[in-house]
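Shared between the two complexes below is chain A, which pairs with chain B and chain C, respectively.
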Partner chain A sequence: MRILSWFYLALIFGFIFLPVVVLVLFSFQDSRLPIPPFDGPTLKWYVNVIGDRDLMAALANSLIVSLISAAVALTLGFLAAQGLSRIHLPGSVAMRGLMIAPMTVSYLIIALGLLNVFNSIGIRPSLWTTGIGHVVINLPLCFAIIFAAMGDHQKNAERAARDLGASDMHVMFLVTAPMLMPALLAAYFLSVTFSWDEFIIAYLLTRFDVTLPVEIWSMLRSGLSPATNAIGSLVFLVSVALLFLLEFTVFRKQKT
Partner chain B sequence: MTANVSFHSVQQHFGNFVALENINLEIEAGEFLVLLGPSGCGKSTLLFILGGFLTPTNGQVLIAGSDMAGVPPKSRPTTTMFQDYALFPHMSLRDNVAFGLRMKGQNKKTRNLKADEMLDLVGLADKANHKPHELSGGQRQRIALARALAVDPEVLLLDEPLGALDMKLRRQMQEELKAIQRKVGTTFVHVTHDQEEAMAIADRIVVMNHGKIEDVGSPEDIYLKPNSLFSANFMGEMNIVPMTVKKGKVVLPFDSISAENIPENPQLCLRPENVGLTGEFELGPATLESSAFFGTYHRCHFRPLAIPEIELVAHLPLGEVPEVSAEVRLFGSNPVLLSA
Partner chain C sequence: MSIEKTEKIRAFGFVVPALLWTVAFFVIPFAVMVVLSLAHLEGRDVVQTFDLGNYVRIFSEPSLVKGIVVSLEITFVVTIVSVLLAWPLAWIIAMQVPKKWQRLAIMLAVLPFWTSYVVRSYSWALVLGENGVVMQTLIGIGILDEPIQIMATRTATIIGFVHFFVMLLTLTIYSNLVQLSPNYARAAQDLGASIWNTMRLVIVPLTLPGIMTGAFLTFVLCIGDYITPQILGGGNELTMPQLIMLQLGRRGDFPMASALSIVLMCIVTLAYFASARWLKMERV
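Entry: the complex of A and B
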C-alpha cells in the first residue's frame, strides 16, 4: 500500500512537472531544435533571448501591465468586498453574484466583448486596453478572496476602532487592511501571475506594444527553437519566484 | 472623568418587535451600574443605544446633561468593552491600548506613556510588546479594559465582558473590575445575565425583562426586598407560600404577620435561607423529604403537613439537619409580599 501511494505521488508530480522539466532542459540545447537527443548544455539561447530587444521590451510591458492591473483589481475588489460585507442593501446577494460572474466567462469571450466595446467608442488596442481587460478578469478573483476572508471578528474590531474615535479612513488603513493583509497579498500575487501569463486578451487587445505571451506566440509561429524554451524558462522562473514570495510572506504569517 | 446619564422614555422597535418599551433611568456619575436580565430582555440594546451604535425609535439619551441624538459613537464620551474583546490582532498590546489616543492625535511619546500606565493598571506592563494572540482570555479582557479606559471616557460600557471566562477567573476579574472602577471613578454601565456577578460588582442593579425595567436598587434591596415576582425569582430561588389576607394581616395556617402596603393579589415569598427551624413566624409542622450537602449549607426539601400540595426549599446550616422523613416545626423570616 505504502509503495503504491508513493508511486501514485510520483506519477502525479511527473504528470504535472514533466512538460516544465522538458521545457527547461531543452532551453540548454546546443543544436537548433529543442528535441531529443539532448546535446547541451549551453547558455547561448539565454544570451540570445536577453539580447533580443523586442523580447525584453515585451517582458517589461508584461511586468508593467501585470503589476498595475493587479493593483487596480485589488483596490476595486477590496472596496467592493468592504462595501458589500458592511452594508446590507436589497439585492446584495445578487450584486455579489454579479461581481463574481465574470469568472465563469471564458477569457476569449471577455476579450471579444472588450474589443467590440473599445472599437465602438474609438479606443485603439494598446497596453492600456490589455490592462483594463486584466482588471476585468482579476477583479472578481480579488473580490472573492477578500470577501471570503472578512469575518465577524474583523467587523467587531472595526466597530471598536470607531468607538475609540477612528474615522472611516483610519478604520480602513489601520484596522481593516492590516487584518486582511494575508488575503490582500494572496489576491494581489495571484492577480499578478494571472495577468503575467494571460494570452488571449493580450493578443486581441494589443497592437504595437505587446506583452510577453504575445511575443512568444509570434516567435513560435516561425517554428520551435531552444530560444522559445529559454524565454519560457524565464517566465516560469518569475512565476516560481512569485509563488515563493507568496509562501514566505503570506502563508508563513497566517500560521503564527 | 465621569458623567451622569439619563434615559428619558427611550423606546426601541425592530419592525414589530418591541425591544425596549419605555425606559426611564438615571445613572449617577461614578456609579457602577449593572443591567441584569435574561437574554432578549433588552439590556444590550439599551447599552448599544447609550454607546451610539443604535438610534432609539423614540426618547432621549443625555450624557452629562447634553443630548446625544445624532452623535456617532466616536464623538461620544463613552467607550465600549465588547463581549469578544475586539482587540486588533496585528498590533502590539501597547499599540492596542494607545489606539484611541492615536485617533485623538496624540504623539507617539505621549500616548505610549499613557498606554504603559494603563497596562500597569491592569497588571500587564511586562507584556507591552506582545501581540493579543499570545495572551490568555483573562489577559485579553484586561487589555480590552485598558484600551477602553486609556481615552479617559466619562462612561465605560461593558457588554457581558466576563461571559467567556471560566468561573474562577470570572470571580477574580469581577473583583478587579470593581477595584479599577473605584480607582478611576468613571461611570461603568455593565451588562450581564449572571445575577451573582451583578451582586458582586454593582452599586446599583437594574433588572430588566421584556424590554421593561422590573426593579432598580442596590444588590441588597433587589435580593432582599425585590419589587416584582420576576426580579425576586431572577435573583435567586423563592418559596411561594399560600396565604390569605384578613384585616391588613397576612394569615398563615399557624401564624399571622402584620404587614404594611399589602399589594394586590399578594404572594408570600421566602428565600430558602429564610426558612428554618427558628424564625420570626411559624410555618407549621413539615416532614423532611430529602436533603443534599452543598458545602456551606444543606439544601432540604420539606413538605408542610397543613399544605401538602407545596414543597418548601430550605438552606439549613451544617449540623442542623434532621433525619429524612422526620417531622419538624418550620419557621420563616424576612417575608416579602409581591403581587402575582
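Entry: the complex of A and C
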C-alpha cells in the first residue's frame, strides 16, 4: 500500500508539475523556439520582457485594477456581512442569495452582460469597466468569507463595546475589523489573485489599456516564444514568493 | 420609533451599497441580456423583437447543437477523470503523509495554480506540441516512430482542463477527508471489512460532500471556460464559450451571443439542482 501510494504520488506530481517545469526551463532557452532540445541557459528573454514597454504597462494596469477592485469588493462585502449578521431583517435570506448569486455564473456571461449594458448607454471599455466587472465577481466571495467568520462571540464583543459607549464607527474599526482580520486578509488576497489572473472580463471590457493576461494573450497570437515563457515564469515566481511570505507571516501568527 | 426599528434601519444601511452594486452590475445586465436574446440581427444592426428565433436556431442549427454536445461531453469527461485522479491524491496526503508535512504537500499539489491561467494553457501547448517534450520523449525511447497529433484536438483540451481541476478537487476532497475521524475506518476494519471494502463502503461515501462540491465547481468552471479550448483545442470543435465569442467577434451578433449565454446558464442551473443535495459548501 505504501509503495503504491508513493508511486502514485510521484506520478501525479509529475503530471501536475510538468507544464510548470517546461515553462520555466524553456524561459532560459537560447534559440527562438521554446521546444527541445534545451540550449540555454540565458537570461536574454527576461531582459527582453522587462524592457517591453507594453508588457510592463499591462503589468502595472493589472496591479492597479486588482488592488483597487479587491479593496472595493472587500469594503462592500464587509459592510453587507456586518449588516446581515447583526440583525434579522425581513428578506435577509433573499438578500444573501442575491449577494452570492454572481458566484454561480460564468465570467463570460457576466462580462457579456456588462458589455451589453455599457454599449447601450455609450460607456467605452476601459480599465474602469474591467474593475467594475472584477468587483462583481469578487464581492460574493468577500461577503461569503466574512459572513462565515462572524460568530456569536463577535456579536457579544460588539454589544459590550457599544454598552461601554463606543460609537458605531469605533465598534467597527476597533472591535469588529481586528477580530475578523484573518478573514478580511484572506478575502482581500483571494480577490486580488482572482482579479489579477482574470482574462475574459478584462478581454471584453478593455480596449487600449489592457491588463496583463490580455497582453499575454496577444503575445500568443504571434506564436510560441521564450519571451512568453519568461513573463509567465516571472509572474509565477512572484506569486509563489508572495504566497510563502503570507504563509509564514500572516497565517502562521493566526494559528498560535 | 423603537430602538429595534432604528437598529434595523441602520443594519439595512450597511447592506445597501453591496445590494446596489449587485443590482446595477449583475441583475440589470442579466435582465438586458434576456431581452436582447429575444432580438435579432438585421445586417449589422440589432432589431429588438420579442421572439424565440435565436433559441430555435440554437437547437436546430447543426453547428450550434454540436457546440452544446461538445461542451457537455468535454465537461463530463473532465469532471469524472479529475475526480478519479484527485481522490487518491487527497487520500494519500490526508492518510499516508505525516501530519506535519501535510500542509506543505497540499501547497505543493496546488502550486501550479499560481501560474496565470492563460500561461498554464500555453505551457500545455508547449508540452503537447508536435515537437514538444512529450512527443520527443516518446520518440526518443522508441514508443512512437513519429509524432501523433494531440494539439488542436479534444484530447489536448481535456488534458489542460484535468490538470487544473485535479488541483481544485484535491483541495475540496482533502479538506473533507481531514475532518473525518479515523474511528470510522477502524470500526469498519474491526468488524471485518477489508481495506478495499472500507474504502468503497465507508470512506468514499463520507467524502461525497467534498467530491460533489468540487465536481460542481469543476462543471461550472469547465463548461464556461473560453481560454483552454481556444488555446489547446483549436478551431475544429467549438465549445459553447467559443461559439459565444465567435458571435461577438466576427459578426457582432449580440442577440445570439446572449441567447447562447442563457442556454449555458440554464445548463449550469440544471447541474446545480442535480448535485444540490450533496453540496455542503460550508464543510469544505
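Convention: the second predicted complex is superposed on the first by the 253 of 256 C-alpha atoms of A that agree within 3 Å, B and C clash if a C-alpha of one lies under 4 Å from a C-alpha of the other, contacts with A are read in each partner's own complex, and residues count from 1 in each chain.
Throughout what follows, contacts are C-beta pairs under 8 Å (C-beta built on N, C-alpha and C of every residue); 3 or more make two chains touch, one makes a residue touch a chain.
Keep in mind the model is a prediction, meaning the values are calculated, not measured.
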{"item": "Contacts of A:61 with chain B and chain C, given as first, second, both or neither", "value": "neither"}
{"item": "Chain B versus chain C as contact partner of A:13, first or second or both or neither", "value": "second"}
{"item": "Touching partner for A:166 - first (chain B), second (chain C), both, neither", "value": "first"}
{"item": "Partner chain(s) touched by A:206 [first = chain B, second = chain C, both, neither]", "value": "neither"}
{"item": "First, second, both or neither for A:2, with chain B first and chain C second", "value": "second"}
{"item": "Which of chain B and chain C A:191 touches, first, second, both or neither", "value": "neither"}
{"item": "In the superposition, chain B vs chain C on chain A residues touched", "value": "C"}
{"item": "Touched partner set for A:176, first chain B, second chain C, both or neither", "value": "neither"}
{"item": "Partner chain in contact with A:29 - chain B first, chain C second, else both or neither", "value": "neither"}
{"item": "Chain B and chain C contact sites that coincide on chain A, given as residue numbers", "value": "none"}
{"item": "List of chain B residues in touch with chain A within their complex", "value": "51, 53, 72-75, 78-80, 82, 84, 86-91, 99-100, 103-104, 133, 147-148, 151"}
{"item": "Chain A - residues contacting chain B, complex", "value": "153, 156-157, 159-167, 170, 174-175, 178-179, 181, 256"}
{"item": "Touch list for chain A against partner chain C, complex", "value": "1-2, 5, 8-9, 12-13, 15-20, 22-23, 26, 33-36, 76-77, 79-80, 82-84, 86-87, 89, 95, 98-99, 101-102, 104-110, 112-114, 116-117, 119-120, 132-133, 135-136, 139, 143, 148, 168, 197, 199-200, 204, 212-213, 216-217, 220, 224, 228-229, 231-232, 235-236, 239-240, 243, 247"}
{"item": "Residues of chain C touching chain A in the complex", "value": "7-8, 10-15, 17-19, 21-23, 25-30, 32-33, 36, 85, 88-89, 92, 96, 107-109, 111-112, 114-120, 122-127, 129, 131-133, 136, 163, 166-167, 195, 220-221, 223-227, 231, 241, 244-245, 248, 254, 257-258, 261, 264-265, 268-269, 272, 282"}
